[in-house]
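Take a look at these structures.
Below are two complexes that have subunit A in common, paired first with subunit B and then with subunit C.
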Partner chain A sequence: MTDATDPGRRHSAGHHGGDRPVDPVTGHETTGHDWGGITELNTAFPRIVIWALVLAFSYSVIAWILLPAWPLGHDYTRGLLGLDQSEEAVREYREMERARADWLAPFASAEFAALASDAPLMARAMPAAARLFADNCAACHQAKGTGGPGFPNLVDADWLWGGDPEEIAETLRVGVNSTHPDTRVSQMLAFGRDGILPAGDIELLVDHVLALSRGEDAADGPGAELFAENCAACHGEGGVGGLGIGAPALNDGDWLYGGSPGQIRTTLRQGRQGVMPSWEGRLSPSEINLLALYVERLGKGNRNEARE
Partner chain B sequence: MLRLHYNLEKLSMGMVVGIIVAASIGGAVEIAPLFTIDETVVAPDDLRPHTPLELAGREIFIREGCYACHSQMVRSLADEIDRYGPYSLAGESAWDHPMLWGSKRTGPDLARIGGKYSDAWHVAHLLDPRSVVPASIMPAYPWLTRSLDTRVLPGALATLAVLGVPYSEAMIDRAETDALAQSRPDSDAAEDVLARYGDAVALRSFDGDPSRLTELDALVAYLQSIGTLTAAAQEELEEAGK
Partner chain C sequence: MTGTLSISERQVGLALAVALTLLGLVMAAAARQGPMAVHGAIAAALGLALVFRLGGALYDPEVPAGRRQRFYDAPTRFGIALTVIWAIIGMGVGVWVAALLYWPEATPPWPWTSFGRLRPVHTTGVIFGFGGNALIATSFHVLQRTARARLADSISPWAVLIGFNLFCIWAVTGYLMGSTQSKEYAEAEWYADLWLVVVWVTYFVLYMRTLARRAEPHIYVANWYYLAFILVVAMLHIVNNLALPVSLAGARSFPIWAGVQDAMVQWWYGHNAVAFFLTAGFLGMLYYFLPVRSGRPIWSYRLSIVSFWGIVFFYIWVGSHHLHYTALPYWVQTLGMTFSVMLLIPSWASAGNAIATLNGAWHKVRDDATLRFMFVAAVFYGLSTFEGSFLAIRPVNSLSHYTDWTVGHVHSGTLGWVAMIIFGAIYTLAPQLSGRETMAWPRAVEWHFWLAVTGALIYVVALWNAGITQGLMWRSYDDNGALSYSFLQSVMAMAPYYLMRTIGGALFLSGAILCALNTRATMRRATGAVRAWDRPLVPGPAE
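Coming up: the complex of A and B.
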């Protein structure tokens, strides 16, 4: 606060014995300070604020006693209520688990046929499976399971490892080329980079694969012999795939890495080794079985829609 | 009432002393616990320090401001445990300087991201998030394909060693070689990385191109290591509330 500007007033301004000037308009006492003719009313601190402060401070004292509050060197005061945020969280989490158990627990059995035919159970569980899929799988396989370059489509009839719930559950549990000790392993060799085939042969094979994918009878083509020698062991005679070793069928129009001549050339030159993470540990066995049924239905549902 | 304050306000030196006393109470309450932090935050027995490559990735994570959108702390709330996994323990980041818990979540928490996705997914996602998550609002980081500068690593490890992270002389001396070797599982030096940092360390060409050590290699190695340096949080959750 600046000093009063009126020297004559300065004396009385210093005192606070109740002899301060009174504002003639409001009848209120002023602070006694005078800024070039402007004075300030000496209004009392509002009662309600004082009460709010008293309440807040009293609550804090109560809280110190009841709740964890003061740091004490290596420890802290625990409070009479003994509350602990992480214990609370775990308790609530276990409650959540228990609440889910009545519809999730049956999925521990892996009796997929029996589970799938239990309509009320599936109606209860499928929304939860959709949420699990969105949280864990959609980043790679997309929200509707349609996949993208390098990430397989889960809604078509084309399976690398098999589309039975048992097979799907196993793929989820151990992953493909993952860090799990029992992982499924697959590798498309780098025929070009590793010098297994010369560039000319690779060009012949690119044409052959394209012909196969168009469903043409390429058995007499220039690449046919090369294919039988180098590729059929994994992709099957005529590229039919389906050998359960993760090598895709090449005689259809569906591509994992892309079906342009350039993309096929890259596949043959650099090789491919897609990684599907293992979900054991991150998801419970029941959740994995639940998702396996969800993925199986995802495929069936979409195929039925496509047919309609 | 409140006469004391009335008089104090007119004594400028008295007022200054009063302000200093009041402000230092607030400061002391916040700062004092930090003096005992070494005893209150206990590093779990199985905690391993970051490898030099992961550490380089952590620096890139900080440089690019990833923490502005991603926290690395699962809060102790039931919904968070359900979505992300075990809640974070202070000890998990005992050797992180600075820790990257964060509080702002424009994207998901990353404390349990290690192992959730494949290296190839991270590479695609960092270079162009929309290529794998069509609705993503995360920025693209196409420049991460440039070569990694490993020259600062020995100094970085030595500094952390001063702060109490158990980096040995050998780890500091070999930091640059170890960074390269971790991305080349077939090289002779790769075995040394495992010997120094433990068998749980991932030896892979993280960006899919073993011929060059890039910033992507480092960042993906770091992302894949987050949450895997100790099993303490997992164990604590399994034991608690059984």
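Coming up: the complex of A and C.
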């Protein structure tokens, strides 16, 4: 321990009564108290602190006069400015809405062809649509719309519920297996768990679906008849999909729930029922239409290639 | 521990340990499964360990007669050891969760390793584990020295420390198991809260009884702060944690407050946890260790008293500034904002008083890293109280709220102010309690100082940038009235800042580890020497 921290060194200097010791550095007296070596100077209260308190208090008084501030039983002082935070918030929301009206209002009509051909309008609206997508859709469909396990890819040529803007807008509005009364409903049966098909048949179907996905001619294969009886109603003859009822095409290399034999087996055994929330109420009809056009354009390049 | 207790005290301790064991068994048996059963088992195991420890020492020789003429420092030593252990746990988890924000895909697949469960382990670990143990340990020391009286009894300090740490262990293990009240800084469930009330009342009674025995008629200002800390934390803790358990045999409960009232009570608690746990108690620490280490008298007695009452009076109003632009009525927000601004004056008066105290000792600040810790703490205290008052102004808050600026602000207070003053206190206390002149490794203190300052600055500057960037991105609109950025873009923009804050935190943690090792080495090389003047004027109670 250094002697500076040795309170005993100064201990005898600072006891009660008599002349209070003077601190040589500041020239101020101590208070005469001594707590095991600690002393305090009797420095006068600094003027600047008083002025600072006055200043801070004046700021507060002005704020109390202008703003809602003090409770009065069942009421409170309203303040001269008469501000109300919910009114303020609503007013500001309205202002923002007015600022957006000139380009967002046209999307209230679902004339998608006309909207899409209005190049200046689209140039003004599409950047906003990109942020709508990032804020509302990207959590599942990914930032670039490429999807992931359980969440469809939106930039390829495949559509579960149709790829026209009208159909996309409807999917956005009602959702899939959602709580909306008009929701789109899709349910792949749990062929294994519910005992619809024996395990052997499921294995045949796994092989058949894998063959379809590789583009092989499997029409005479052992699973073909099983496929026609159990799967084609939703997935189409030969698994071409595109029926707009939520069942994906199986004759390409794209998979919603994975394309390994194990993943296909799991899908067949336990079924699938993807969920997309309904956006009606959360997004305005104009915003839904705007997003529908945005999503339709997302993978336009890929889709044109696919059609050619 | 047992060597400093008389035979009758060991018997009382043994009875308490048996009671704790039984309490743990009853809890475990009643709950049968889930967090409460685990917590019962932990309490029973701790109780049993104490039974063996005290029972085994029951027939050891009686303590030497002279102990009444000495200060009772064994609990302080134990508390300091717990302080540095919790520092490593709390800061270690903090660095880990900071890294998870940068590498979220590194989250392991087990539920207890998820960010949401680990984050309260960090906050509880550092606030209550590290900060709380430091406060309790130093309060025992400061109280005895400034009252010049030995602690009023020898059992309560152990009960307070062991009981408080059981609360901390219950809290953090509960979070890992997913048990939480979902109230920030008050996540621990109802039985842990009740337990803490018992511990806290014991602490308050011990403090008052010792203070009542003081030899110096005037109560030193540090004790005012420590007392405000003990008393107000009890009030905050009880009111905010009023809850109805779903069952007495389970860990779930519902708060009795609902809706915006619950939010207001929570932030009245939350901000005053900052005020009375992280400020008042640590100001007590500053007011003791700064004059001791610098060898200077407190610059102004009057300023210290006015600041105390200013801080205590203004702070209790300001919690509503956490709820600007919410369902909370505007008038409550205005009061919170204006009292926050007035609070700046006593806060700066305290910081100024501390810095002016160093007049005449600046050469020591230059040469002594321990004193430099305290100086930097006072500077950061001034900075973060200014920042706090500024952020409480409603329009400023509309930019900063919900951003990492808030997190940066809290860390400028906790890393820069709270942790620095703790380290200053530990480096002053550890040698003294070991009967040594210096720490075992004096050079490591210097290293720790620079690691801590660099780490804190990197952390705080990174999160200032992060928070202001977020706030501006969220409120940017294109000229067509559409938002300029999606939320996702504002998240991705955080990557460099989150990396920097992880690095800053890691530097700070390495300093704390150095401190823990240094403290351990110092205490292991204790000489047992006691300076002649370091004795109470009022001996312990007659035995």
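The rule we apply is simple: the second predicted complex is superposed on the first by the 250 of 308 C-alpha atoms of A that agree within 3 Å, B and C clash if a C-alpha of one lies under 4 Å from a C-alpha of the other, contacts with A are read in each partner's own complex, and residues count from 1 in each chain.
Keep this in mind: a contact is a pair of C-beta atoms (placed from the backbone, for glycine too) under 8 Å apart; a residue touches a chain by one contact, two chains touch by 3 or more.
Here the structure is a predicted model, which is why all the values come from computation and not from measurement.
Looking at the shared chain after the overlay, A:148 reaches subunit B, while subunit C stays out of its contact range. More residues of subunit A lie in touch with C than with the remaining chain of the pair subunit B and subunit C. Contacts of A:135 after superposition: both subunit B and subunit C are touched. Once the two complexes are laid over each other on the shared chain, residue contacts for A:45 go to subunit B and to subunit C alike.
Applying the stated contact rule after C-alpha superposition, one finds that A:74 touches subunit B and leaves subunit C untouched. By the touch criterion defined above, A:179 lies against subunit B but remains apart from subunit C after alignment on the C-alpha atoms of chain A.
By the touch criterion stated above, A:162 is placed in contact with neither subunit B nor subunit C.
Shared-chain residue A:276: touches subunit B; no touch with subunit C.
Of the two partner chains placed by superposition, only subunit C is touched by A:99; subunit B is not.
Once chain A of one complex is fitted onto chain A of the other, the partner contacts of A:85 extend to both subunit B and subunit C. Residues 1, 45, 71, 85, 89, 96, 135 of subunit A lie at the contact with subunit B in one complex and at the contact with subunit C in the other. Every residue of subunit A that touches subunit B in the complex is listed here, in rising order: 1, 16, 45, 71, 73-75, 85-96, 135-136, 139-140, 142, 148, 150-151, 179, 274-277, 282. Every residue of subunit C that touches subunit A in the complex is listed here, in rising order: 145-148, 216, 218, 220-221, 288, 291-304, 306, 310, 325, 329-331, 333-335, 337-339, 341-342, 344-345, 348-349, 352, 359-361, 364, 368, 428, 431-432, 436-437, 477-478, 480-489, 531-534. Those residues of subunit A whose C-beta lies close enough to touch subunit C in the complex are 1-8, 10-11, 23, 25-26, 30-31, 33-46, 49, 52-53, 56-57, 59-60, 63-64, 67-71, 76-77, 79, 83-85, 89, 96-100, 102-103, 124-125, 127-128, 130-131, 133-135, 138, 143.
Interface of subunit B with subunit A (complex): residues 2, 6, 9, 29, 32-33, 36, 39-40, 75-78, 80-83, 85, 87, 115-121, 124-125, 131-134, 202, 237, 240-241.
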